[in-house]
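I've put the structures underneath this note.
Common to both upcoming complexes is chain A, partnered first by chain B, then by chain C.
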Partner chain A sequence: MGFALHEAKTLAEATMLARDLGPDAMFIAGGTDLIIQINRRVNTPRDVIDLSRIAGLSGISHAGGVFRIGALTKHKTVETYPAFGFGTPYAGLREAARVVGGHQIRNQGTVGGNLANASPAADLIPPLLALDAELDLVGPSGTRTLPLNAFFLGPRRSVRAHDEIITEVRFRDLPPLSAIAFLKAGRRKAMEISIISVAARLTLEADGRCRDARIALGAAAPTPIRAREAEALLEGGVPDEGVVAMSARAALTSVSPIDDVRASSEYRRLLVAALVPRALKICIDRIKSARS
Partner chain B sequence: MLDDADDKPCALSRRGFLGGASAAGAALPLVAEAATKPRTGRSVAAPDARAPAQVTLRVNGTDHPLSLDTRTTLLDALREKVGLTGSKKGCDHGQCGACTVHVDGKRVLSCLTLAVMVADKPVTTIEGLARPDGRLHPMQQAFIDRDAFQCGYCTPGQIMSAIACINEGHAKTHSDIREYMSGNLCRCAAYPNIVAAVKQARDVKEG
Partner chain C sequence: MSVEAPAATGNMGEPHPRFDARLKVTGGARYASDMPVDNPAYAYLVTSAIARGRIVSINLGEAQNVPGVLHIMTHENTSKDVKDSKLFSDGGFSGTSIIPLQSDKVWHDGQIVAVVVAETYEAAREAGYRVKIEYEAEQPSATFESNGVQVQAAADVKKTHEDPKVGDFDGAFASAEVKVDATYFTPTQHHNPIELFTTTCAWAGDKLTVYEPSQTMYGMKNGIASQLGIEPEQVRVVSNFVGGAFGSKGSLTPRTALTAIAARRVGRPVKLVATRQQGFTIATYRAETKQRVRLGASRDGKLTALSHEGWEVTSRPDNYMVAGTDATTRMYDVANVQSKVSIVHADRNTPGFMRSPPELPYMFGLESAIDELAYALDIDPIELRRKNDTMKEPIKGLPYTSRSVMQCFDEGAKSFGWSKREPKPGSMRDGDWLVGLGCAMSCYPTQMAPSSARVRLSQNGELRVETASHEIGNGAYTVIGQIAAERLGVPYEKVSVVLGDSDYPAAPVSGGSITTASVCNCVAEACDAIRAELGINDPKGDVLAALKSRGRGAIERYAEWTPKGVPDGALAKLYSGQAMPTGGTKDKERIMFAFGAEFIEVRVHQRTREIRVPRIVGAFAAGRIVNPRTARSQLMGGLIWGVSSALHEATEIDKRAARYVNKDLAEYLVPVNADIDQLEVFMIPEEDHEVNPLGIKGIGELGNVGTNAAVANAVYHATGKRIRDLPIRLETLLA
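Let's turn to the complex of A and B:
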């Protein structure tokens, strides 16, 4: 059976509709995930609330030392946003956005949908975790803000109530001598879900010691995760090859990857061990080349 | 999968019939109404779910008023209702690019687009490229000149993507073209000739 499609013009309309229609109603943004779920009968919503025509939820802005990405922003916009370009400290975000599906998917799929899905393999989540991003959830009774890392509960499960809409995700400017890098392993390059993804972010002191480290992993556990032991090992010391190798080993203590058709758990662990040091080295190189 | 009745443009569809003979003009469930009358749960919403939506698709410059099941993808609407079968269904879940069309000038996958969500937005399909006098679009001509297909099944999607690729400014180098055409698979592996065709069309446009 079909569903009733409700076209919301404002956030308030959308949240009220969701509240009144109950948990069988679902939001749709770009539809790249939901339409497949509906076709496969994974989801059979009675009502679908179209968010795509709500004004003011799309686009990226930068003011007051904060980057804000509206929930309806397309992956393509993130990929082509100049301040996230190669040569900027935020290049890792572009690296993630440019490997989501193919170019057509990136013209359709939204950042909000990528987060709301709460897929452990969603590509934008690790770099946003590495940037200490927070997000806003707007529901019928108001707005709440939470750190992105408190959003995920399990595969496709989050703390979002059925009538809450993600409106934006935002993060502060990185301090000087910072960089973020993102690496993704899939079975092939284009249009492929990650079997492991790694986002690393380093902030160095002028003397080369590590002030702040973030390592976030996708598809390595039931939710996207931070490898906190690995981060702690890096902080305070000089991230030379030995330390980087140690932190990669430490990252393995944080993961609990699954076996599936795409990769075995063992292979995923090997990828974590290989990609964490690579991502960290890219960060170090980027910081160095920005400095010189 | 389809029956002939469904192929007729604008015909009252089976699904529409099932939904009751709702005349054109019966609109989508009204948000305004829903917002002012608090509803609880599915009881009120259920009848809406069976009602076909009345939408107008603007395809290649022509308006097509249609009565559609809300689940209908743009691809199915184009092929089964509007009667434009140029856009192909390869996978029906976003992985092959055969269904690529332009919405609002951007390339999207029509199999992952709900028709009702693009009502009133300009849609361009492969059928909308040639001039009224029959002269082919430079990209269509280039695909012929460069022999950029074998079976031809992926070709409409490749051409729609290729045009977008040039419009986006991503056809400058060989590797750019390969990267920016990577959302379109070709089972016959005509890739080298496709790249050659994109280059030819690019140079025609520039030259």
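Let's turn to the complex of A and C:
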């Protein structure tokens, strides 16, 4: 039942180790998902490869119109990164990062772990989907880049091979008149796995019409998803109350939530219908107040 | 939340900061499992995978092969080692008569079936996983309504039990102009103190030291001795700080004796830290209840009939019960009362005390029903309570020593803004949110037990108080020190209080909110004896100067205090760890309670039914408040827990397997900081020198009584939906 712990110093060392040790080897970053899975025997790795000592995988940078978030960046760093603060177009990222677990978890858990774990309820995924993020995977035989929305296959399943490491996730600057908002519903206000989470992003034209809309939902389907029909309904028109309500109804066509101990499928659908308009309204308000 | 310490008003003491605050936030406070022992071995518990049946075979082969394993205890090698298993209520010390490893029988899920001792915790756990047990399982009965449960009337199983009754309920109810007849449910709940259930046992020759977080030093000392068949003098129990107990550490659990036996067998100290999951089944919990309440009243709101029936789950062998009807039948002026408590035996671990054991569930029934009656009568719920307020309990006609419940309602209502409440359910809104305002009465019996303490005043001005009482978060170090300082006119900073060691003079179990009243009155007596010895009878006289002028180095006095009305021999019982509290409804001439009024605002989203609690107000009158800062904190914690018990907390049971399923803090929900918004506590000055010389009532358990009803009443006011089954969750409001 025990496992051997390997400390990798470089990316190459880590990926080679993983390749050589085979599929019973797993990477560990903050361990806030993996250790619990090991304790509950959801995962029984024979070898665990620690990534936390690999240099260059941590921190957020902004250059050339691109934000890069290293895979080992802690949720706390995202939460406190000034360019994602309230009053910036990226506030939705902070809203997601600040509701991951409690302070201890946010100081320990990483963005890369949140993505790699591929939980349909992972909180950072919807806002990153709404930002059209892409990620880099480094394996023993090279690097590949994928749009984040092509990464997930199902609950806890992704296209990542067992010896591939997520090194960073990045997204381009939003155009002017943009905002993103994130809402999460749980039984209590913090320390909760999302029953439903919603990230909405709007970019408006100067005349108030919607140029671009993204609606990403967590815990609404086997993977985090985009509600594309709802997005299409918003684009090109003025997002008034009627359109917002219509797009919320349209979002329901994209979802296939499960029943579990946290909520019924029916309740999750009700939440999608209630939270999508709330999130869109927050985006509109944010764009308006940034303009004035 | 950060607010100023409340000012001392009326007869209150000073709001000194908690003595142990800094120690606790800096790691300076040593909890039982932090205590260093020489070369410890580590124990890991293996618990049963079935709830009823027997062990057919145990295969230890693989487990014994784990490197570092020293010893494995099972019923095959331990069945004769524990000598006594009597329940505390039958003159024993244990919270359960189910003592594991006595036979192949399994009484409940998660019962200890083996104890592995190894060089490291990891090795012990690993070996624990490898203990292979084959069971012969029988279908267990999980709870009410399960096949095979056995129902017994409380009066049939416990000779001291009384079902309070007066007048002719049936007649009065039949002819009542307005009636309420409703059935309520409260869920299973577990204490979940953050400090886990730990035990460290170290033998030196035939002397045993036990480090264990405990609310009962002398109960443990004597209990362990009788379970191991040794003399109490051979046992010392140490517990300087307790990281939360709430009743769960108030009686002996089987783990202590097993750890002591393990330490004896391996010839070195053994340390046990049970897991969070195991804590759900190796200790006690609050059992689920079902209650039927019937109220009859005249059109103008005078209560004429009250019936309260309760059913409580317990284990197969034990007759544990809380019987909250003892209190609920005495809260209002009503001439015709009946009550009955029954226990329902199921294949479960034995339940036990949990903060306000009787009042929390039973006041939910009563105070919900009173609210229902207010709507049926179309009378304001506070006015209905005023109309039926009384200074005499109705069962025997005994006077309350003091009862300031309406003052609490009036003060609380003013601050809460009750007058702005629109009476009709569903009539208050804020955007998409339905707003509801509710209230309920809180009460807790004022109880005390015999105590002893030693006080020493030294020439350098230092004052030391020794007593084997307990710091369970109740502020005992602080308030005991304050009373001693005040009584002898010594600065508070010069006092040191030592607690939590059975080598000190005996103090009663810290349960039933008795500690401050019991121990402080005793310490005051010891201080008075010092004054008398020095001939300083003027309370302002300088005791230290007198000590010096007599050329004495120090003066020490030991005192024993017994509250009025305790039977003879109570002090001897105190030293044998069996003193039971008196007061409350037990006194023959009067009745003693602390009271409060609690107000809750809820907001329910009209679509998603999310429930929020933006405001909580509690007003309490509990005699003399020794320290308004620690008291407020205690009451605040109570209110928050009350909200928790209304909206969040429940242990879910798999009815097929009689097994708890949400055995950790991720799934057993308690509110987080963000769930609790504004919270205000008022302490109404109240003087009551009949309860005890210092006029102290207990406040430890007052705060969380009635809150659940106030929340349910507010939810009704917001939505028009009466929820009688806790916790109230959004799905209940959707249906």
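Operating definition for what follows: the second predicted complex is superposed on the first by the 292 of 292 C-alpha atoms of A that agree within 3 Å, B and C clash if a C-alpha of one lies under 4 Å from a C-alpha of the other, contacts with A are read in each partner's own complex, and residues count from 1 in each chain.
One rule holds for everything that comes next: a residue touches a chain if its C-beta (ideal position, glycine included) is under 8 Å from a C-beta of that chain, and two chains touch if they have at least 3 such contacts.
Given the structure is predicted, the values throughout are model-derived calculations rather than measurements.
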Combined model on chain A: chain C and chain B, fit or clash: clash
Partner chain in contact with A:Gly22 - chain B first, chain C second, else both or neither: first
Greater chain A contact set [chain C / chain B]: B
Chain B versus chain C as contact partner of A:Ala274, first or second or both or neither: second
Partner chain in contact with A:Lys189 - chain B first, chain C second, else both or neither: both
First, second, both or neither for A:Val261, with chain B first and chain C second: second
Partner chain(s) touched by A:Asp47 [first = chain B, second = chain C, both, neither]: first
Touched partner set for A:Gly208, first chain B, second chain C, both or neither: neither
Touching partner for A:Gly2 - first (chain B), second (chain C), both, neither: both
Residue range of chain B overlapping chain C upon superposition on chain A, of 27-35, 45-53, 63-71 or 135-143: 135-143
Chain B and chain C contact sites that coincide on chain A, given as residue numbers: 1-2, 102, 189-191
Sites on chain A touched by chain C in the complex: 1-2, 102, 185, 187-191, 193, 261, 263-264, 267, 270-271, 273-275
Chain B residues touching chain A - in the complex, by the definition given at the top: 15, 28-29, 31, 34-35, 38-42, 45-46, 48-51, 53, 69-71, 73, 92-95, 97, 100, 106-109, 111-114, 116-117, 161, 164-165, 180, 182-184
For the chain A and chain B complex, residues of the former touching the latter: 1-9, 12-13, 16-17, 20-22, 24-25, 28, 31-32, 35-36, 38-39, 46-48, 50, 52, 101-105, 107-108, 189-191
Touch list for chain C against partner chain A, complex: 126, 129, 605, 607-608, 610, 648, 652, 662, 666-667, 669, 671-675, 729-731, 734
